[in-house]
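Presented below is the structure to which this report refers.
Per-chain residue numbering starts at 1, and chain names A, B, C, D and E are given in the order in which the chains are listed.
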Amino acid sequence: MHHYLISFLIFSPLVAAFVGLLIPAKSESSFRYLTLIANAFQITVLFFMLGSYENASALQFVEQQSWITIGLGTWGTLKATYFVGVDGLSFPLIILSVFIMCIATISSWTVKQNVKGYFILLLILNASIIGSFTALDFLLFYLFFEFMLLPMFFLIAIWGGPRREYASIKFFLYTLLGSIFILIVMIGLYVSVHDPSSSGTLVHTFNLLHMSEPVNFISNSILDPNNPWQIGPYNGRLWAFLLLFIGFAIKLPMVPLHTWLPDAHVEASTPISVILAALLLKIGGYGLARIAYPIFPEAALYFGWFVGLMGVISIIYGALNAMASKDLKRLIAYSSVSHMGFVLLGIASLTAEGVTGSVYQMFSHGIISAMLFLLAGVLYDRTHDRMINTYSGLSSKMKSYTTMVLIAFFASLGLPGFSGFIAEIMVFLGAFRSNSATGVLPESFAIISTLGLILGAAYYLWTLQRMFFGPFNIKGHISEDQIFDLTKREYIMLVPLAAATLCFGIFPQPMLSVIDPFARHLTEFVLTTGKNLTLNL
Amino acid sequence: MQSNITYSTFFEICLLLSVALPLASFIVSFAISEKYSWAVSITAPLLLLVSALSSSVVFFSLHDDQPFSIAWNWFVISGHPLTAGLLLNNLSATMLLVVTFISFLIHFYSIGYMAGDSSIRKYFAMLGLFTFSMLMIVLADNLLLLFVGWELVGFSSYMLIGHWKEKPAAARAAKKAFILNRIGDAGFLVGLMLLWTHQGSFALNQIGLTDAMAAWQTAASLCIFCGVVGKSAQFPLLTWLPDAMEGPTPVSALIHAATMVAAGVYLVIRTFALFTPIALDVVAVVGIITALIGAFAALGQYDIKKILAYSTISQLGLMVTALGAGASDAAFLHLFTHAFFKACLFLAAGAVIHALHHAQLQAHAHFDVQDVRNLGGLRKKLPVVFIVFILSGSSLAGLPFFSGFLSKDAILTALISWAGADFSWQWLVVGGAFTVTFLTVLYTFKMIWYIFFGSEKKTSELSISAPPAVMQVPLFTLALASLWIMVSWNPFVHTRWMNPAMEHSWSVTLFSIVWVIMALATAYFSREKSFYADVLFNAFYVDRLTDWMTKKIGLKVPAITITLDKKWIDGFIHATAYVQVLIAHVTGWIDRAFVDGTVNGMASFVRGVGSVTRTFQNGKIQLYIFWSIFTIIIFLIWTLL
Amino acid sequence: MTLTSFMFYFFEIVAALSAVALALSRNVFYGALLLIVCLLALAGIYVLAFAEFIAVTQILIYAGGILVVIIFGIMLTTKISEKPLAVEHTYLLSGILAAGGCFGLLIYVLSKEYFLTTGVQQLPSSPVNGIQTIGVSMFSKYVLPFEVAGILLLISLVGASVVASTIKSKKE
Amino acid sequence: MTGLYDQLESVRASFGFFIPEMILCSAIIILLIAGLIKQDASKLLTVLSFLTFSTSLLTLVLYWPLEDIPVNIFNGMLRADNFSAYLKILIDVGGLLTVLMTWRYQKQQHLSEYYALIVTVVLGAHLLVMSMNFVTVFIALELISISSYILTGFSFSKSGAEGSQKYFLFGSVASAVMLYGFTFLYGMTGSFEFASPVFVNALINNQSTLLLVAGSMALAGFLYKMAAAPLHPWAPDVYEAAPMPVVAFFSVVPKLAGLGILTKFTLALNLFGQSVHDWQFVICLVSMISLTVGNFSALLQKRPKRLMAYSSIAQSGFLLVGVAAFLPGGINFMLFYATVYLLVNFLVFVYLQYFEAAGFETLESFAGVGRQLVWPCVFLLMGFIALTGLPPTAGFTAKLFIFSSTWEAYQLNGKSILLWLLVFGLLNTVISLFYYLKIPFYAFVKKAESNPITNNQTFENFFGLTLVLVILVLFFNPDLLMRWINKINFAL
Amino acid sequence: MFPVEHFLFLAALLFSVGLLIIITKRNTIMVLLGIELLLNASNLNLVAFNQLWPASVDGQMFVLFVIIVAVCEAAVGLAIVLQVYQYYQTSVTDSISELKE
């Protein structure tokens, strides 16, 4: 039974999507319930997994089925497998995905237009997100990774705001561009890596675990660590790392590859923004930690400084831009850029606490950004205006809403007691300790990044001051009765998120003990393997 | 859960209660539904009362006994377990008592002061949260937990300053307070990182165990001091505190006078082992600058709460100076006494404002009730408040027989012994400290004179009623607490109760008595001066000197410091804010123009290439042929060359 | 210079000149006639290159067949529109560029090549053999292309008729 | 030189390997005659041509095992091997699907000639991929070309005539240039059999610049047939002019035929790696130019047919990527790509025909159709996704495979042009997305104008579903096909 | 036997002139004539090269096939030209360019 839990997670939404295809489009509410049932089923499965998950660095719930095996004549054999499993990196993200998808479903309840298509796309998106977080075979990962794009594209492009076409195409192109970089490296990797378990013929494998063992590289292949082959200033492996880094950094998003994000967020409808911010961005960080770092450890050490620098730049730049934003959603989007910078910084530090912190930050940002976008959506649903200047003194009309906004804002700016604090502090500690422990990042990175905290406080509190405090006033043609407090459905979505961010902020240990073994394993692996591999520069 | 077993279960329960009940008050206040919001003003003070009582149990059973610690595992950072624990010693137990006690009194006072407020639930909830987080600072056994409390008091302070959120000034002040605090906290955080990197632990009892007076310790202690600068409103981050007076007065009393702002001083005492001599020198200089600025500024103020706020800054500066001199006991003693008399002063000022405000509402008169120039002669109309004000004001001024005298005495003693026999820059600090004590007397009594003496000005037509009993009880309690008895039996020796080990010198005591009396006289005569100018001018050169001082220094310097404060420090911070916003706009523009522009440029480039490749497709078959052939020829020529 | 070599160079010059004249000609009809001249000259060259059968075919099919068809085409298209046969030149620069480039390139490449060294075995023994060999190989080695050529002819005739039939139907 | 008897014997023995072609030949005659006899024989003709292609396919599949060892037939004019057999299968499938498409909208005039011409093109394509001799190459190519010129005009409209004429002029010049190249190769080697030892040895001994010029000229003809740059300009105009089934047919059958002969020819010119001229570089360059021209020009197109024309140019570039590796593996992957391309292309064209019949002539006119015609648009979307090369379609697998072979080739010889090709080709995928998603974008995202369509879509949906399933299955289990393709042992 | 180069140069000239005609002449029929020139250039080459390999008549055979193809092309080509003429009332190549971007 336990052996198929992940497959249940991945395929239950697909099954639901298939069932949905068979239901006539007229019975609109059935799609909502269908999706909700799928989510509920996933949550049930998740509880089974929670029950038997062990806190160790080993992969768990592993399933491996042969999938594609093709003889290539003189080349040997190409082998891709259906290989999934979870560990301390993916498990938090799986938990996050399952719950956020459920909340997104509830948030989608008000979708009126083309309900069938919407929910089927949502279900497909669900499956592919979970798939990307669990895949341990590069081809499988890539499949799910790309498979996310189209549903997302249409979800933005059809159900989005006025400039949705521009935003959706921008989103698609950016991420596709990133995935092309990843594809190049994937091709290079599987051509260069052989499966050590097979005897006789050469088996080219997509197995990520095999790829991370330097001995499995075929000698004199371009990505072979011992191959002195230079392409321009770097050898193949450094280039490959850079390509992967760019590919995932687009998704993350990292400054200056981030500009798709504000547009996509502003134009996407609320549930889609939630999924985008809470889950899709995480794939970037996940990919770095799962693929780029373990497979190219020496490149990770070599470019660690650069990665960390980009993280710092993202933190500060994102925050500055958030401050200048006039649109609430754009502000939140830029704050996401800033917060995902911490993920980069944490991973780059290559200390256990830094990596733990950045995984925790992904988890925590998932919760908080979901909440923020839901809240922005609440306002938008009522007035169809997201401009900060439009409002002032909202707190007197929308008390509970203001409370929720306060919670979300303060959680996002890293107030202790909320999950963001734990994540950020660990990233800071790791980034600072990095110089003495690993020598990758200078201390100044951590110190400069604290500026992000100040700026974070500045833009959130300024927004609070402008929108919620002071005498009540609204500009434009919004009538006062359009503004009313939270509805029950909105409570159902927001309260669990608020509770979760509090809970994980006060009691981080359960989640940390899930992440910690992975973080230690990763840092240890990257440091030892990376230092053993010679850099042919 | 690990704890030493020398203490009884009752003690532990009391400790737990004293910490948990404020939190419970926070939760209960939110849990009670809007309809029954009046109930909050009963539950919250009640819970705090129990908390204060149990903390007094804790205090008395622990005092002068073994330190007590208890810890729970909180989380593990890469193998280093991090605890959430309480560490009680004399220091923290005293602080525990002070916080819960004053907090209770202020809760009690607030019943009257905040009656009828629309969001009273939020008010009490935030007071509860504040008290809880303050206790977290007080009791935390490691710096991370302390930092958590540190940030949370910032948050609750934010909420309470901005309590009347319809007032734009309040919202602005709240934001300013939080952001300036954050700037300090960022430094604190860097200090934490340094500690973590070099010590691998945040535990307070491990701080400074590494005997090396290493550079990192200087750095770490200065970083932590950054946090102190923010929270305790030290130079240059002091401007938020006067602005924070936009909040309800009880809040100013609790947070911005008695407890939170003192937390900085407390933090330095807690982490004293970390501070290297160089760091301490910096601390002393910052402290004395702050103290002087605060004192002079207070002289130039006319708003009651602003005077008190600057006075608080000045007193905090004094404490920090003492810390810099290595006299953490003296600093703490002053913290302790200051908490009571300053809370009392604020509450009394609040009572004045409250009473006048109510009277004003009845009479439909409109003037600024906080401006001392509008007041005068109130001693007849508000006798209770007058007595209380005189008592606590005397304590602030450092008159003998008041607690303030003793604690200031302790600080001055410590400073003099720190400065040593030979003249050095440290004597400047000492001189500064004496100037501050002198000025304190001046502004305190000038304020009292303005409010309670002389003839009634704009208040004359108002029918002012005495504050309700709920407000009077805390006033009296705190006024009594500003007597010398709080510190020691002997009104001239400060080394009885709190810290028997503290150094005491009769010469200093005597000198400070003389000094205070001189100041008092100056105050008195300077007050007289406005009425009897000729007599004073002729009688005493001292008078002329003080006149000159009050005129030239006492008015000019505050004006300068005010401009410094308003224009330069605040201005600088505003300017940085402007610059920040400007930079933000610039980066926003860069984002649109370049980063996005590059992408859009790429898109248009792609389109451009498309239209170029397309122009060959003009429908003329002969040109098609030409281009095809020509391409091949060009290719061949290129390869052959 | 022997008669044959005179003949050869004469034909070469005629062919070259007529081709150039064709390029310069502004009249379609003259153009067709010039092409006939050129093709006949080529036929003469073929004879001198021991390809009598080709030469005959050239005269019969090209000069006699294709060009007659072309002249019919000229007449058909000019008659309807009743415009002069004059033809203007376009894209002169492009044409000269392509043709000149091509010519230069070919001359350059060819002048570096020495074909005689590669493998001339012997002179052909007798001209009779030529035609016979052609005949034999047409039905042995080249039987497949030959048959396919048949299909090609069939299908082009069918195709041309289809195209032509639409012309008629349009007219009606 | 072999004796006459041997030659005749060879001809006799060759017929066994020539059954599909003979079927096609007789089909041409039968179709023409049937058209003459019966006035309105559209059903009969369709059935006949359907049967033609099915039997041809059937024989090909049945005789597949026979052709493990390459056999030279008709005195070295042709060669029967499994490489060409596989391409022939693809070509026949293309013919079959074209017949189906034509049958869907039975409004074609001159149906018997039409089918005869289609069969002729298929015959020519068969011959072309089997050809080992310049004579057959030329004849077969002309067979395809001349039939194609006429087929282009089968819309019998003004634009049809114009397209036909342009195609004719361009094609004639291209094949004349190719022929001119052939003559030089003949002059240098004395042989037309470009894979024969005589030919190769002669070239190895004389690798002059003329070889480069002649080879490039010869390649021009093949590239023209493939609609690859720089011999592509005819394609958009012709595609726009021709009827939809013919366009679909053109974008697959002549292309694959050209690809087959190009592969053989370039590998022969490579002289077993002893060539001093870098033909790999040439192919890479051609591929990159085709990708660029195709993709970039397609961006601004407003009509689906023209868009697909540029798409077909770009796809030629992708197909050439497989050739450019100069590895047997690469050629096998190229065949996989060709298979997927064939299926996907027909998937797209079937729906484009459907929409054209319903009056959707420009991309804008597709606005909002996605709501009314969900399934056609979804299947069309799947087709475009596969053309772009995104998972989970076999288009992705195909791209993955061909670029893997590029990587492998780069790893073997380290020519930086291959790396450029890899990066360039994959980045072109991003650009191709711009236009491939245009129709789905209009269909699903843009707001609907009122366009009630009542066309029966059962045929299309059945057809679409089948093909979509095939491309999905080929993604999830490419081994189903690769198992067969891997048996192909490409050898000269 | 004459030097092969002399044939080849003439062929090259014919080929180039053919190209020139094809590109520059505005009348479709003239373009057809140019194509004939191209084919004849190849024929000349083939005949000339056949002299180098006198043991077989491969080159001459090819010439025959080229001529056959030329016939087919001429037939189809003229039919198409006439058809176009029908629609456009002109055989001026430039004018026949409705299919374009």
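As a working rule, contacts are C-beta pairs under 8 Å (C-beta built on N, C-alpha and C of every residue); 3 or more make two chains touch, one makes a residue touch a chain.
Just so you know, these numbers come straight off a predicted model, no measurement behind them.
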> Which chains contact both subunit C and subunit D?
Replying inline: B, E
> Which other chains touch subunit B while also touching subunit D?
Replying inline: A, C, E
>> Treat touching chains as neighbours: how many steps, at the fewest, connect subunit A to subunit B?
In response: 1
> Most contacts: which chain pair?
Replying inline: C-E
> Which chain would you call central, comparing Cα centres to the global Cα centre?
Replying inline: A
>> From the C-alpha centres, identify the chain that is farthest from subunit B.
In response: C
>> Measuring centre to centre with CA averages, how many angstrom lie between subunit B and subunit C?
In response: 103
> subunit A to subunit E: how many Å between their CA centres?
Replying inline: 64
>> Between subunit C and subunit E, what distance separates the C-alpha centroids? Give it in angstrom.
In response: 6
> At what distance in angstrom does the C-alpha mean of subunit E lie from that of subunit B?
Replying inline: 97
> Where does subunit C touch two or more other chains at once, residue-wise?
Replying inline: 90-91, 94-95, 98, 102, 105-106, 109-110, 113, 115, 118-119, 141-142, 145, 149, 152, 156, 159-160, 163, 166
> Which positions in subunit E touch two or more other chains at once?
Replying inline: 4, 8, 15, 18-19, 22-24, 31, 48-49, 52-53, 55-56, 61, 65, 69, 72-73, 76, 80-81, 83, 86-87, 93-94, 96-101
> Tell me, which residues of subunit A touch at least two other chains?
Replying inline: none
>> Show me, using the given definition of touch, all chain pairs that touch one another.
In response: A-B, A-D, B-C, B-D, B-E, C-D, C-E, D-E
> For the complex, which residues does subunit C have touching subunit D?
Replying inline: 105-106, 109-110, 112-113, 115, 118-119, 136, 140-145, 148-149, 151-152, 154-156, 158-160, 162-163, 165-166
>> Considering only the defined contacts, which subunit D positions touch subunit E in the complex?
In response: 1, 134-135, 138-139, 142, 146, 149-150, 153, 158-159, 161-166, 168-169, 172-173, 176-177, 179-180, 182-184, 186-187, 190-192, 236-237, 240-241, 300
> Touching subunit D in the complex: which residues of subunit B?
Replying inline: 606-607, 609-614, 616-617, 619, 621-622, 624-625, 627-629, 631-632, 635-636, 639-640
> Which of the residues in subunit E end up touching subunit C in this complex?
Replying inline: 1-10, 12-27, 29-30, 32-33, 36-37, 40, 43-44, 47-57, 60-61, 63-65, 67-76, 78-83, 85-87, 89-91, 93-94
> Taking the complex as given, what residues does subunit D use to touch subunit A?
Replying inline: 328-329, 332, 371, 374, 385, 390-392, 396, 400, 403-404, 407-408, 410-411, 414, 416, 419, 422-423, 426-427, 429-430, 433-434, 437, 441, 444-446, 476-479, 482-483, 486, 489
